[in-house]
Amino acid sequence: VSAFRLGLVNPNTNTGHTEAMAAVAREVLPSDAEIIARTAPRGPDSIESSADQAIAAAVVAELVRDDPGLDGYLIACFGDPGIDAARELTEAPVVGVAEAAYVAASFVGRRFAVVTTLARSVPEIEDGIHARGLAPRCVGVLPLGIPVNEQGAEFPDTTDAMVAASRRAVGELGAETIVLACGAMTKVAQAIQERVGVPVCDGVAFGALLAWSLGRAELGTSKAGSFAWPEKIAYVGMLPLSPRP
Amino acid sequence: VSAFRLGLVNPNTNTGHTEAMAAVAREVLPSDAEIIARTAPRGPDSIESSADQAIAAAVVAELVRDDPGLDGYLIACFGDPGIDAARELTEAPVVGVAEAAYVAASFVGRRFAVVTTLARSVPEIEDGIHARGLAPRCVGVLPLGIPVNEQGAEFPDTTDAMVAASRRAVGELGAETIVLACGAMTKVAQAIQERVGVPVCDGVAFGALLAWSLGRAELGTSKAGSFAWPEKIAYVGMLPLSPRP
Amino acid sequence: VSAFRLGLVNPNTNTGHTEAMAAVAREVLPSDAEIIARTAPRGPDSIESSADQAIAAAVVAELVRDDPGLDGYLIACFGDPGIDAARELTEAPVVGVAEAAYVAASFVGRRFAVVTTLARSVPEIEDGIHARGLAPRCVGVLPLGIPVNEQGAEFPDTTDAMVAASRRAVGELGAETIVLACGAMTKVAQAIQERVGVPVCDGVAFGALLAWSLGRAELGTSKAGSFAWPEKIAYVGMLPLSPRP
Amino acid sequence: VSAFRLGLVNPNTNTGHTEAMAAVAREVLPSDAEIIARTAPRGPDSIESSADQAIAAAVVAELVRDDPGLDGYLIACFGDPGIDAARELTEAPVVGVAEAAYVAASFVGRRFAVVTTLARSVPEIEDGIHARGLAPRCVGVLPLGIPVNEQGAEFPDTTDAMVAASRRAVGELGAETIVLACGAMTKVAQAIQERVGVPVCDGVAFGALLAWSLGRAELGTSKAGSFAWPEKIAYVGMLPLSPRP
Amino acid sequence: VSAFRLGLVNPNTNTGHTEAMAAVAREVLPSDAEIIARTAPRGPDSIESSADQAIAAAVVAELVRDDPGLDGYLIACFGDPGIDAARELTEAPVVGVAEAAYVAASFVGRRFAVVTTLARSVPEIEDGIHARGLAPRCVGVLPLGIPVNEQGAEFPDTTDAMVAASRRAVGELGAETIVLACGAMTKVAQAIQERVGVPVCDGVAFGALLAWSLGRAELGTSKAGSFAWPEKIAYVGMLPLSPRP
Amino acid sequence: VSAFRLGLVNPNTNTGHTEAMAAVAREVLPSDAEIIARTAPRGPDSIESSADQAIAAAVVAELVRDDPGLDGYLIACFGDPGIDAARELTEAPVVGVAEAAYVAASFVGRRFAVVTTLARSVPEIEDGIHARGLAPRCVGVLPLGIPVNEQGAEFPDTTDAMVAASRRAVGELGAETIVLACGAMTKVAQAIQERVGVPVCDGVAFGALLAWSLGRAELGTSKAGSFAWPEKIAYVGMLPLSPRP
């Protein structure tokens, strides 16, 4: 079997996040898989609002347009910004970390809770869960009140807060698994799983595995219908997003 | 009553579209309303794919960031690109033409059909209808197979195709109203309504009226929760989208 | 543009309510709009139960049958009694205050809560929200335990209770806007909005604007399908409801 | 066991319908059950439109108010007009023929189709199915294009049309059972079942059995919440609907 | 009318449960109905887990296969194990106690709560409610933390716990009726109803009545589609489940 | 990384199917993964009806009970019989081929169609899609009218029929991917994908990869809530299903 090249696309401009996520993916993928990590060249350092996400989505689209020939892509931000555009711009499979985390949760428990950063994102996450048809399986979306930039192993208080929220979700709300709603949480997923005692689903590790698995199963993005290559449209002020080969 | 200033934001770069839509809005709004029309300074000339939309959404966010103080906004493209971001970036009400057209249809009939441009956008439109909870009221999304740039009064064959699709929707599918899924169709809505004999709901005219009506009712975008001003985030390579005043 | 004549139909027999609602509509509509207010000639003085509503719905149908030629109608009770019948009985657009309030809320926030009068009506309101496909956007329906006849500006304690319920909805449930579920609350909507600091959506003011807007957009009730004129049926003991012109 | 007195309420004014439905109920109920049949004293001779239904619902409420002490009620029109009001006005169980027919269908097959009178009622029937959560089980609502007043055993062409529609539903749409959407169809249900070869669910016979069964199981309408006795409200021009004993 | 023979199938091996349930059915059915009670010959003594249910479902299928000619069947365990298989294996109507209890609840109130045994079964019960389309009507599933084998009249503490849970459901959650989620609770349903003051819906009594009612209405399981007789398949190590007569 | 031992559980008794599916899994998994294939020791040779499935589910539970210590399980029949029981009986991740195929389809297209064996299983498959929240993404379930035992590479006419059905799904219904609803179809998935030109999602190959991926991500079945070890229950006539270690 030939090597699998995974495009890990970080929609924000923070190279520290990119490296942390690439390391997690590196750890779980078979040794002959290659990780090509990309960091957004412009836009927000972290993504908290829909405004941040709108910018990030455009950048994700441009990054995939510029390198559409890898074997799979992982959009490494829980909002999955630009994922539909990315799917139009390549024939390889494209996985988002939110999708991946929800899929993992759906296999290892009947009910999940989501732990997220700020309260403002709760309705958007709920709407995403509803759009995926998973609302009956979600017992709650719990915000920590701690922004993206204070997530990760170097903020132990954040880990404690995540453990507390997860325990509340399990004990009071009936969660059977926990979904982590932020790429920057990926480094502490195992630690939380050990302390809380239920599966903690992080979309970075499992998303990388999903992209790899789709590749192994020879499943790429369908070019019939929604994700056909973009139409040929004139663009002003920038390279067009329509590279039908 | 003081004048109402409507920001009509055209997410594509085609100034002809902007002018046509501004004229339609001008016609229906009370005479003391003022229309400030904005055209995307970069990006696609028309919007057919998710890739086009991703770029347009970012541009919409930047346009609203640059002029957040108007009395209301109309995002004048059926995909409503960037509308959540726009809502974060102003306290005025923000209306999208898709939302507006569906609202109109929901008042004047129990079942609607959507007439759109290309088949590739059918699933996305269906998903938007589902997300709004309107799936039980939609009898079908009918693509014309004619792109955005061949829509409008100057393409009489397109109008004939729209009439034929609308008649089929009414006669065979049970549609009671028709929703036009493209801002560029706005100029011919009345003509189609007259020929088909059922209400034809165009989000440009009705969306402008909705934005004005929200203003009259003193209803602006809530700053509690989802649409609070964006968080203060460092941006690289561009002006940030976080103008909390 | 010729004047717009709005039929404001109060389904209960309380002329005080009629006048209060007509004044609110008068205030927001353009000056050349005319308001023709109708009060139910028989039935309940206020509407709390499904039994009250059943009577009111029949009366609404008769009122529209008797004057079907206005330019638009507003059914001015949150249960929207008789609205489907009304739509069959005219070609003009017909708006209900519940529909109108939900539409307003959907434009200015992602999550809303409803404040209503008595606990008994909570399930019916919830079912109406579900039928409209808005359940994922509603964070709760909060009853005041205060009947319709103690609503309005002349009952300051009621206003205080509404403010308290609204604050709880925002602070604890994540509401971004408040929907007022009673026509008699319309006079205090602005006061509550100012005190709570989020949009307070009242269907009387916004509903009048919607009816007017539909008229401006030349959208009337579709006569294809559900809202076709009633069939010709023999009636016993009363004037039939089948005025196909 | 004491005798069970069933109030069979015909919402239209056609005594022929009342008698036909009472005969069907009589045939299936145990011999000690008593049927007290009531015909609407005013309103439409048959119910085709929402306008007809609005009048009928008010009359149903008044009929139950006037005799609330029977052991169970059957609202004998497929639109179940006034059923919520009826439930408020008695402690006995209240069954509607639409509800009853859907329940029957849900026990004897996984997929059902509905055969109805006129096309105009299709969306309303679909919405009722959706509100009951049964949309995934319904393969279609098929209108005969024949009004209520041409239903029944004395119109053999109607029976033939019903057989043809039922066969189409089974053969082309995958229906496993047929629901008859009109009380006046009740007399021919057995004949159609024999000719089509799948269960044909008529809400008159089965609804009478359901009301009787609820009585046997000592289950009456809950007076906690939605169906509590109506509030004490002043009524103008008529006897109030608030007989809290 | 000839006698009706009801096959009451107890999916667990506990003959005490079988007898208690048969007695309840005996009490509510007309005197000429005959009850043929069957107890699972192998498997769990009570059913708490999905594993227990998987075994029970297979046994139910075998029991119906061995005696398919009765006039109706009641699967007397709240999980309705093997009910789809049972429907394939007979032409008579088949009713499950969960289905029956939900149907009863839907007629006598707008909102119900479920009282169940152990917390582990809450998600499964919720999923069943969702699959039936009843989620909007359910205000909660409340576990007692008491296993099946401590249910019934001989455990007065359990009855007290059920009363307490039911009162909480009514008082705090807005339940209008209570559904008992365990066949072994059937004996105390009346006692709880009297103490709580709202309808308490037990699927054993009402389910027996439903099976009898379907028989009276001449409605058997449809043999078109889902519940057609099983295909002719070779079986290893056991009598096949394919008795197409 | 230590080797991963996958328990591939064939719910039917056909060892030919087991071997074919094990070979497919073998081909896609990394070389250090080990496949332990199990064939049902009793029950149907293939699974077409709910009756067949009820037997198979019990056997699956017993097979997992007897060997709960592997690193992951794949339930290799599209009905996923006994999967909830299996999850209770092990701490390892358990994947069903239906779940796996739907997950694959959800990543590589927005709309899928299902190709299945007999028409009788269409409603059950549709209900499974609805329960997973995927109904809006499914454009149709197309039966071939060919039983399980005529599926596979040795029946070229079946492959032709699958290609024809898939082309119709893509061309007429808007499918973007195809889901194969039978484990025995797994051998021809690639051939169909090549001929039809859209992704063809087979749950055997991708399901094996999912189980392996869950293992790599250290995600096992949650023992909190639904899938806790079975309760300790007395069993009659067989080894109990309650091996809490």
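The first chain written gets the first letter, and so on, giving A, B, C, D, E and F; residue counts start at 1 in each chain.
Operating definition for what follows: contacts are C-beta pairs under 8 Å (C-beta built on N, C-alpha and C of every residue); 3 or more make two chains touch, one makes a residue touch a chain.
Every value quoted in this text rests on a predicted model; they were computed, and no experiment measured them.
Visitor: Touching chain E and chain F alike: which chains?
Guide: Neighbours common to chain E and chain F are A, D.
Visitor: Could you grab the centroid distance between chain C and chain F? Build each centroid from C-alpha atoms only and quote it in angstrom.
Guide: Centre separation, chain C to chain F: 51 Å.
Visitor: What whole-number Å value describes the gap between the mean CA coordinates of chain A and chain B?
Guide: 29
Visitor: By the touch rule stated above, which residues of chain E touch at least two different other chains?
Guide: Chain E, residues with two or more chain partners: 110-111, 119, 122-124, 127, 130, 135-136, 174, 176, 225-227.
Visitor: Could you classify the connectivity of these chains, where an edge means two chains touch, as line, ring, star, complete or other?
Guide: other
Visitor: If two chains touch, include that pair; go through all of them.
Guide: A-B, A-C, A-E, A-F, B-C, B-D, B-F, C-D, C-E, D-E, D-F, E-F
Visitor: Can you list the residues on chain F that touch chain D in the complex?
Guide: 119, 122-124, 126-127, 130, 135
Visitor: Which of the residues in chain F come into contact with chain E in the complex?
Guide: 13, 40-55, 57-58, 60-61, 65, 82, 84-85, 87-89, 118-120, 122-124, 127, 130-131, 147, 225-228, 230-231, 233-238, 240-242
Visitor: Touching chain D in the complex: which residues of chain E?
Guide: 28, 30, 93-95, 99, 103-104, 106-111, 132-136, 170, 174-177, 190, 193, 197-199, 201-202, 205-206, 209-210, 212-214, 216-227
Visitor: Touching chain A in the complex: which residues of chain C?
Guide: 110-111, 136, 174, 176
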